[in-house]
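One chain, subunit A, links the two complexes that follow: it is found with subunit B in the first and with subunit C in the second.
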Partner chain A sequence: MNKTVNQKAWFLILPVLILVAFSAVIPLMTVVNYSVQDTFGNNKFFWVGLEWFDEMLHSERMWDALWRQLLFSGIILAIEVPLGIFVALNMPKKGFWASFCLVLMSLPLLIPWNVVGTIWQIFGRVDIGLLGYGLAKLGVDYNYTQNIFDAWVTVIVMDVWHWTSLVALLAYAGLQSIPDAYYQAAKIDQASRWAVFRYIELPKMAGVLMIAILLRFMDSFMIYTEPFVVTGGGPGNATTFLSIDLVKMAIGQFDLGPAAAFSLMYNLVVLSICWVFYTVMTQMDKREGV
Partner chain B sequence: MAKITLDNLAHSYLPNPKSEDDFALKELNHDWVDGEAYALLGASGCGKSTLLNIISGLLHPSQGRILFDDKDVTQAPTAERNIAQVFQFPVVYDTMTVRDNLAFPLRNRGADPRYIEARVNQIAAMIGMEAELGRKARGLTADAKQKISLGRGMVREDVNALLFDEPLTVIDPHMKWELRTQLKSLHHEFGHTMIYVTHDQTEALTFADKVVVMHDGRVVQIGTPQELFQRPAHTFVGYFIGSPGMNLLEAEVSGRTARVGNVSVDLGADYAPLKGRVQLGIRPEFMTLSTDGTGLPARVRRVEDVGRHKIVRLEVMGRDMALIAPEGDEIAADAAHVQLRPEAINVYADDWRVPAKGEVA
Partner chain C sequence: MDWMAWTGPTAIFFVVIASLLITFTVLAIKFPETPRKGVLRIETTRGDRLFITLLGSAFINLAWLGMGGSPQWVALVICAAYAAAIFRWV
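For the complex of A and B:
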């Protein structure tokens, strides 16, 4: 068969090209552009090469923010994943209460980030917040604006409150896909509750749990609004996570060069972690298909 | 090993069953004799699996009791009953190796590792999976997985009963035969009480000493394959067992003769006066075509040669019937009548068989 050569067909992908250019390529290249230049004002820029990257890599401030960030993500994963599984295991399997629980669980997920932040900001206030006031009345010395530990606890509890539902709902979906016959066979085989979890429920949930962990890790790694509204990154820099620090640098101090280098490296970290997850997940799928 | 007694047992999936129709399993009294192999035969949805799940404790009956060797276990959980059950579709523990899968029920009971090792190898040999013992169960074919399920069912020697819920559905025909033979030899060797649910009559008749036929939530007959064939207690048994099933004819019975339309048929035995809807049941094997004008008028519609014999499809007094003729027989073109062997006729009133006078029921 003879194919007609018609290069005009390339024009058909033009709309996509334009869209991608404006939504991704041009903004990203602007950042790249900033990251290799410096200015003394008057909109005059000059080339500095990789100086900003070098500076950022040796900046204590960035490393501190990164460690805080990793610690935060680690803690919320360590709480939300087991807690989500536990909640999913204890949710009713069918009937009115199953639907009721599903709706109840989805509620926190529907609240916008800044509203969640505001809720907890007020909730935790010692003068008018139910939590803060209540704790103070109980004699607990709690103040998230001054005590580093209290600030961390508040931010973590807020994230757990907001996002455990997501893990629970995903785990619940995984559990619902297990046919009854598996539980019946386990009863016949006289398996313990732990064995049922270890050999039936956990393997069947593994796929959705990976997705839950990936989503929660990415989201928490890029968290900005909620801690910004509650603590504003304080006390001091105690809850200044990567995004908060980045915004401070870029918009607060208007250090565009370092901020651009910072954000590119930030992006690289996110991408490489995504890649690791993706590889692990596809490997798991492959094992499944053997 | 134990005798299993069902006492007044019935089950409904509805919370408040009102009429008898609401019951998936209608009231039932039965002893499963220790060490016998039973087949539970019936069409899909007749309550077979319900009965099995009640015996194993996966389901609690709406009424009645279950006794193992006269000990009431109605409320006992599955684990306490020590029963093995194999389901229709394979259940394997994906993340375990084949060996661990087979060992799982023994490990859960805390058996000695050396015993487990030996027993697992024995079972693996039985199901022909010695080569795969070390690999993960995930990704095996459906019939390999089902063999593992069967193996897990057979691995415990001390079970009270072995229950099979249509276990060979997903297995290919050749392996089916082999596994069924293995199950039979296992039964001879250990003498477990076995209950084998199936809707395949060949499977039931080759496997079991006794066949229990269920229909619409009710046990309609329990008997040896021969009894089911010669004296079906219910028209459903006649229809379900045999290929093709039993022929039925509306009739009026008085004494030794039945009137079918305007033709008299000799019944070979005396019957008391009957009430309700009366039918004659005759197996296709016991009918012959005749050319001399005696018997019931019939029209040959089609002849199917199935190899060992011929199945002749007839129309008799407006009803479709089947007749089995030996392979060598020529079907005469002018055959217009069919004769019934008197001793092979069964009489049914409202679908239940009526014994003749003097017959030991």
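For the complex of A and C:
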């Protein structure tokens, strides 16, 4: 049977192209334009060249926010990934309790970011919140609005509560795809529990775990709503992560130029990390395919 | 288009990027190629190498600016050398 060449279907993706142009490409171009100019409002712009980039590169505020951000992402990954795997390994494989666990695990994922923030904001309050009140009654000096360490613990525990189940669900999906034959072979060889995990379960989960790490890293690296609702970036600037600082600069102070330069550099970092993860993932697929 | 606050240099910047993308798309259609493995031990096509070049060039320019290097066009010369190296060895 001869097939005629017909490329008209390409026109069907035109609406998507237009949507992406207006929601991503044009705003991004505008940000590039803003980053080399200064404005005093009224849509009047003055050329300043690379001044904002220079200023941002030497701005202690931006570097501090970047280190805080990397520290935050590092900590939550170090907690969520092992914890998620641990949870997935201990979830029932089939039956009523498997479905029950799945529903239970997906509940936090369904809650909107600002609601999660509000929940923890109230939960941690010393006067009315269960956590804050309870800790105070136990004699623990806990106050996330004044103590830097408490604020960090609150924000991290909140993220772990919200997102560990994503890692767990992905890891669980990876575990479910391992055929029983592998476990039977391991049993015949009298492999230890650790050997089963190390040589069967972990390699089989590697693909989905990479996706989980990528998703969690990107999400935490761009986190805004939850810490903003809970701590507002405080105490002081202790939990002011990159997005919070960026919004403060762009909307709070209306420094469009510096904020544009800042966001372009932020975007570059995100893009590079995405590329590394993407490359590693596609290479892993290829190696498995061989 | 007034609200986009266009300037001459940024317009040139985007025209260059756009024409690079179009050129490489046309090249990829006219002269299809098989991906190859370079010093990074990853499979790359011309498009991948262009992406690595552009992303790296952005960082080279920022690093040059951050280290107080001037004039800025020197960074572009470094980028050109970097691009040549990427297309030759990666």
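In this section, the second predicted complex is superposed on the first by the 269 of 290 C-alpha atoms of A that agree within 3 Å, B and C clash if a C-alpha of one lies under 4 Å from a C-alpha of the other, contacts with A are read in each partner's own complex, and residues count from 1 in each chain.
Basically, a contact is a pair of C-beta atoms (placed from the backbone, for glycine too) under 8 Å apart; a residue touches a chain by one contact, two chains touch by 3 or more.
A quick note: this is a predicted structure, and the numbers were derived from the prediction, not measured.
A.B. asks: After lining up the shared chain so the two structures overlap, which partner does A:T279 touch, if you call subunit B first and subunit C second: first, second, both or neither?
C.D. replies: second
A.B. asks: Could you look at A:L102 and tell me whether it touches subunit B, subunit C, both or neither (first, second, both, neither)?
C.D. replies: neither
A.B. asks: In the superposed arrangement, which partner chain does A:V157 touch: subunit B (first), subunit C (second), both, or neither?
C.D. replies: neither
A.B. asks: Please work out whether A:V196 is in contact with subunit B alone, subunit C alone, both, or neither, and reply first, second, both or neither.
C.D. replies: neither
A.B. asks: Tell me which partner touches more residues of subunit A in the superposed arrangement, subunit B or subunit C.
C.D. replies: C
A.B. asks: So in the superposed three-chain picture, is A:I188 touching just subunit B, just subunit C, both, or none of them (first/second/both/neither)?
C.D. replies: A:I188 sits against subunit B, while subunit C stays out of touch.
A.B. asks: Show which residues of subunit B lie in contact with subunit A when the two form their complex.
C.D. replies: On the subunit B side, the touching residues are 53, 56-58, 77-79, 82-85, 87, 89, 91, 93-96, 104-105, 108-109, 136, 138-139, 149, 152-153.
A.B. asks: Can you tell me which positions in subunit C touch subunit A when the two form their complex?
C.D. replies: Per the touch definition, subunit C meets subunit A at residues 2-7, 9-10, 13-14, 42-43, 51, 55, 58-59, 62, 65-66, 72.
A.B. asks: Which residues of subunit A touch subunit C in their complex?
C.D. replies: Within the complex, subunit A contacts subunit C at residues 26, 29-30, 32-34, 36-37, 39, 43, 45, 47, 50, 53-54, 57-58, 265, 268, 271-272, 275, 279, 283, 286.
A.B. asks: Over in the complex, which subunit A residues touch subunit B? Could you list them?
C.D. replies: Within the complex, subunit A touches subunit B at residues 179, 181-182, 184-185, 187-192, 195, 199-200, 203, 287-290.
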